[in-house]
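Look for chain A in each of the two complexes below; its partner is chain B in the first and chain C in the second.
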Partner chain A sequence: MLKRRIGDLFIRVPLLGWLIGILIAVTLEHLLGDLLVDVLGLSKIPVLFGFVIMLKKPLLMPGVILYVLLIYIIPISVVARLSAWPANRLAARLLDFPIWFSVVIHLGLFYAALHMWSGISAYRVLTLKLTLIAIMVTLSLNVVNGYMGEFSCSHPGFMALGAYAASVVTVVLFVNDRLFGPALLAPAFGPFIFPVALITGGMVAALGALAIAIPSFRTRGDYLAIVSLAFMFIIKSMIENLEVVGGPRGLSSQPDYASLPIVFLWTIACIWMTNNFVQSILGKALNAVRDDEMAANAMTVNTRRTKIVAFLFAAFWAGVAGGLFAHVIRYVNPATFGLQKLAEVLAMVYFGGLNSVYGSIVGAVSLSLLGEALRPLEIFKWIIIPLLLIIVMIYRPTGLVAFKELNVRNLVKPKQ
Partner chain B sequence: MRKVSLVLVSCLVIGLILSPCVWSKTKTIKVGINAPLTGDIPKVGEGTKYAAQMWLEDIKSAGGLEVGGKKYPVELVIEDNESKAESAVKVNTKMITYDEVMVIVGPQASSQAIPAGEVANNYKTPMISPWSTNPDTTKNRPFIFRGCFLDPFQGPVAANFIKEEFGFTKAAILYDVASDYPKGLAEFFKEAWEKANGAGSVVAFESFTTKDVDFSSQLTKIIKSGAEVLFTPQYYNEVALIVQQAHELGWNKPIMGSDSWGSAETVELCGKDCYGLFFSTHYAAAGAKGATKAFIDRYNKKYGYVPDDVGALTWDALGIVQKAIQSYGKITGNVEKDRKGVRDALAKIKEFDGITGKMTFTEDGDPIKCAVIVRISEKGEYEFYKSVCP
Partner chain C sequence: MCYFVSWCLCGEGKKCIMALLEVKKMSHEFGGLRAVNSYNLEIEAGQIRGLIGPNGAGKTTIFNLITGIYKPTEGDIILDGKEITGLQPHKIAAFGIGRTFQNLQLWRHMTVVEHVKLARYSRISYGLIGAFFGTPKRQKQEAEIEEMAHNLLKMIGIDHLSDQVVTNLPYGDQRRVEMARALSMEPKILLLDEPTAGMNPEELIQMMEIIRRIHKELGMAIFLIEHRLKVVMDLCHMIQTLNFGHVIAEGTPEEIQNNPKVIDAYLGRESVV
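Let's turn to the complex of A and B:
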């Protein structure tokens, strides 16, 4: 009853209204956060909505809840509700222009909110960056495991290839390094060459993908899982034995190019391209291949080409994500890209939902934030998160938001 | 709506009632502990945490840390880095920017200490890694220190010890090529050995990869090569397998190890096969005297086992932190200024008398300290055999 009434209250709020609400809430946090924290007796503005504080000092729980209510929940819901009418008018007005204009406005507002929110502490910035990167990896794996219906285990390998390739490009060109000698270009060029480095990383990963795709797509079913798992280990031991890039000691001193706007832009590019890809004819062909390869073949789908293109596409984005990861952490070692990473990415894909761009975003964001929020629980964290996964798998076997298309026009249109 | 407002009001009331209890505006000294409590090496994290908690107990029973004639309460911020590089970076960022710690102790393993050190150095926060042996951790980072000697020192120590003790001229090395620490140490040992005994005196340089369990082909090669001693800088689980398999294949010459043998598990897994073997390490538990013995006994009584080197090194790192804060001599409350002051005090520490030996920091933030050669006794205890100083 209560739920329905609250739902009714907000049903007419368009995305634009929510974004305005969030923007106002984070502005409020900037202006009044410190004051409110003093009044409530907290030591600092709670990062990550107070989960960490509540688990460490349960005594502060009421204060934290109150803070979250006063800063986030109440302002967002009040502003969203009150601004519903003008926001709807505005959203309708924006749709008179080409759709990209409206999308850019929405993204701009969203980024502004994220930027303000993360401006409070560097920890938020870092968590946000890694979450965005997790979204990219999850999305790219979803193309293979969800849309294509195969089971690929090589994504950490692709990330490693991308991370190392991108790092080598930037370190060789812009850093005076022990391994590669003095910098070749002036550091001023760095931010401009960085996209090239990331694309190189993606290309190298795609090349690696080609090496698995050709032999394994000749066969069907579980073979890809085994071949790709082997590929992951091959990449890991290859890097361990490559002294040029530091071997097991890893490669450090990447320049600090992966700022929040850069990571955000790449993530948006990844989401946009993946969404277009899976909704294109090729994407539909991919679904046909997944459901019945024989039938798809009979309907003139070139199954092998479809599968290889999708696989290389996924590997490319995993490589780009790896490159960004290396420049956020500013250190890579082969041990990072092992079984644990694989388990993490697979969990995000299956938790969020197969065959769905929404699902990947939900899975990556929720597991990343959950992992961060539950850190104070130490070993119990590794009981709670797998338990959650099991529960999701029992009640929603395909994941939280599976088989749902991301329709941008629907998202930005007015709700009246 | 009534329910919502009810929750709201009750929160407000409880929040306001409780808030005075946590309204403490006294200056606390916060020390961050970045430890691998879960993940690949949880035992290392546990040792770190226990040592840190013992240290905190001491401070608490003294009524706080005395700095410049005033006592300040100390708070430990213990965070789990899951023995992952990215988590170690996240934890350091959180402790520095959110918790505003004055000093960080940890992370232990080099693969986490290198990226985490970058963060700490960028934010100008002093950090001591008690256990990381990779030179990159402290290199060109004025705010990063470490609590143990480096591999380029330990390799020659082991090589020279064998030379002096047994007079051998031919050595074999078996190491894990995929793991940073054994690989580095194997190379340093080889270099030192060949310097002392001439080129070609390392007659077998065999490798394997992490998680291998059968070493018979490498060991057969080593036995055939005519080596007089085997050096294997591996972790405890592999040490047991290597030593037992070597003995089964008929190897009866000495086997020498490094500080990674120092875990209590080594003897438990290896049993009688390991008795009488030597390894170089940071401290010896059996036959320890004075403060070292007091620490070991207290730890053993409290947690039920003899602490391995990580615990002892963490204890020393915290001791150094304490001394640095005290010699800095004031707490201004401005954490950035205090961090800088503590860093300068750390760099100036001379002859710190820790339970793992005397320490003085070099310009790079690495300590000059002695290594200990330990013999595994017939009772399976780690006996002090010899001390080697630089």
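Let's turn to the complex of A and C:
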């Protein structure tokens, strides 16, 4: 009953209204956060909605809850509710222009909110960047495991290829490095060459994917799972033995090009392109291959080409994500891209939901944030997260938001 | 080429019929079992052909051989003057052979209209660039395909279900989706594998009506496998009877009905002790 009353209260709030609410809340945090922290007796602004503080010092719980209520929940809901009417009018007006205009406005507001939120501490920036990268990896794996219905285990391998390829490009060109010698280009070119480096990383990953795709897409079944798992280990031990890129010690001193706006833009590009692809008829062919390959073949679908294209596409984005990852952490070593990474990415895909862009976003964001929030629990973290996964698998076997199409027009339209 | 007329002159000035689909001496073996033996077929444009026979006679195997799911051990298949033997199934389909399946093979997570749209796959020209970047060319082409799909669904009588996921539909409607999907390829010839299997009498009459209408409005050649003799007798111009991979009789419905070999195959020989 109460839930429905609250639902009714907010049903008319468009996305624009929520974004305005969030923006005002984070502005509030900027202006009043320190003051409120003093009043409530907290030592500093809770970085991730207070989870960490609550788990470390349970006595501070009331203060943290009050902080979250006063800074986030109350301002967001009040502003969203009050601005519903003007926001709806504005959203309707925006739709008079081409759809991309409205989308750019929404994304701009969203980014502004993220930027201000993360401006509080460097930890927030890092968490946010890693979450965005996790979205890219999850989404690209969802193309293979969800949309195409095969089981691929090689995504950490693709990330490693992308990370190393992109790192080598930037380090060789712009850094005076012990391994690769002096910089070849002036550092001023760096930010412009960086996209090229990332795309190179993606291409190298896609090339690696081709090596898996050619033998394993002749047939269906478990072949891909086995071949791709082997591929992941091959890549890992190959890099461990390549002294040129530092071997097991890893490769460091990547230049600091992966700023928050850059990572954000690449993530949006990944979501946009993937969404375009899976909604086109060529992308729907993936679903047909998954549900009944023989029927797909009989309806003129070139199933082998379809599978290879999707696999290469997924590998490309995993490679780009790997490149970004390397430049966010500014250090890569082969051990990062092992079984644990694989488990993490698979969990995000299956937790969030198969065959759904929303699902990948939900899975990546919730598991990344949960992983950070539960950090004080140390080893128990690895009991709670798998338990959650099991519960989701029991009650929603395909994941939280599976089989839901991302329709941008519905998302940005006024709610009236 | 003269397939528009379907009549043309042969070598010595005689009139003869140019077949749309021609199968010559096709055989297929599964291990040691000869499932289809020296099978011949000629279907002309606009003809409805029936293929009947008891269970296990090899009817569906013949469909699978023609559509390229199996490769024939021997023999040739020629569609509209082009040799299609041994090509990959999707290429054969794109050359103009549409089919439905005996036990429904729909894509269970896709909606009705998506089924119909996807069967246009081979005619899409916007390519991967269009798919990844949503170019205007793609928008235009997909809008055209969408419109065509709805027209086709109207003709089959299931346009009101277009946004339903197929698994939610009753059996008869699922059959219609398969039919619409096959037609969406704009095939030259349509292969129907037991189009009325498992239907109640009412659905059966509707399905026969649809087949007649497809034939009349699109003028398509149809080759159908059927168990119910009433359907074949009513619809087909010519019928073949198959038993243990051999054609045992071929002719008009009347001829087949009275053929003692056919009666034997279906009812068994009367034996006198």
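In this text, the second predicted complex is superposed on the first by the 416 of 416 C-alpha atoms of A that agree within 3 Å, B and C clash if a C-alpha of one lies under 4 Å from a C-alpha of the other, contacts with A are read in each partner's own complex, and residues count from 1 in each chain.
Just so it is clear, a residue touches a chain if its C-beta (ideal position, glycine included) is under 8 Å from a C-beta of that chain, and two chains touch if they have at least 3 such contacts.
These numbers come from a predicted model, not from an experiment.
Three-chain overlay on chain A, with chain B and chain C fitting side by side and no clash. In the superposition on chain A, A:284 makes contact with chain C only, while chain B stays out of contact range. After overlaying the two complexes on the shared chain, residue contacts for A:273 are found with chain C alone; chain B is out of touch.
When the shared chain is aligned, chain B comes close enough to touch A:2, but chain C does not. Between chain B and chain C, an angle of 130 degrees opens at the CA centre of chain A in the superposed model, to the nearest 10.
Of the two partner chains placed by the overlay, only chain C lies in contact with A:298; chain B stays clear of it.
Between chain B and chain C, it is B that contacts the larger number of residues in chain A. Of the two partner chains placed by the overlay, only chain B lies in contact with A:40; chain C stays clear of it. In the superposition on chain A, A:346 makes contact with neither chain B nor chain C. Using the contact criterion defined above for the overlaid structures, shared-chain residue A:326 touches neither chain B nor chain C, since it reaches no partner. When the two structures are aligned on their common chain, the gap between the nearest CA atoms of chain B and chain C comes to 31 Å. The touching residues of chain A, counted against chain C in their complex, run 273, 276-277, 280-285, 287-288, 290-292, 294-303, 309, 313, 355, 403. Contact residues on chain C toward chain A in their complex (touch as defined above): 67, 69, 88-90, 93-94, 99, 101, 105-110, 114, 117-122, 124, 126, 128, 130-134, 138, 142, 145, 181-182, 185.
Those residues of chain A that touch chain B in the complex are listed here as 2, 5, 39-42, 44, 47, 52, 57, 59-60, 62-63, 65-66, 69, 121-123, 126-127, 130, 237, 240-241, 247-250, 252, 325, 329-336, 340, 372, 375-376, 378-379, 381-382. Chain contact summary for the complex, chain B toward chain A: residues 1, 3, 8, 11-12, 14-15, 18-23, 37-39, 42, 79-80, 84-86, 89-91, 93-94, 96-98, 100, 110-111, 114-115, 118, 123, 134, 136, 177-180, 183-184, 209.
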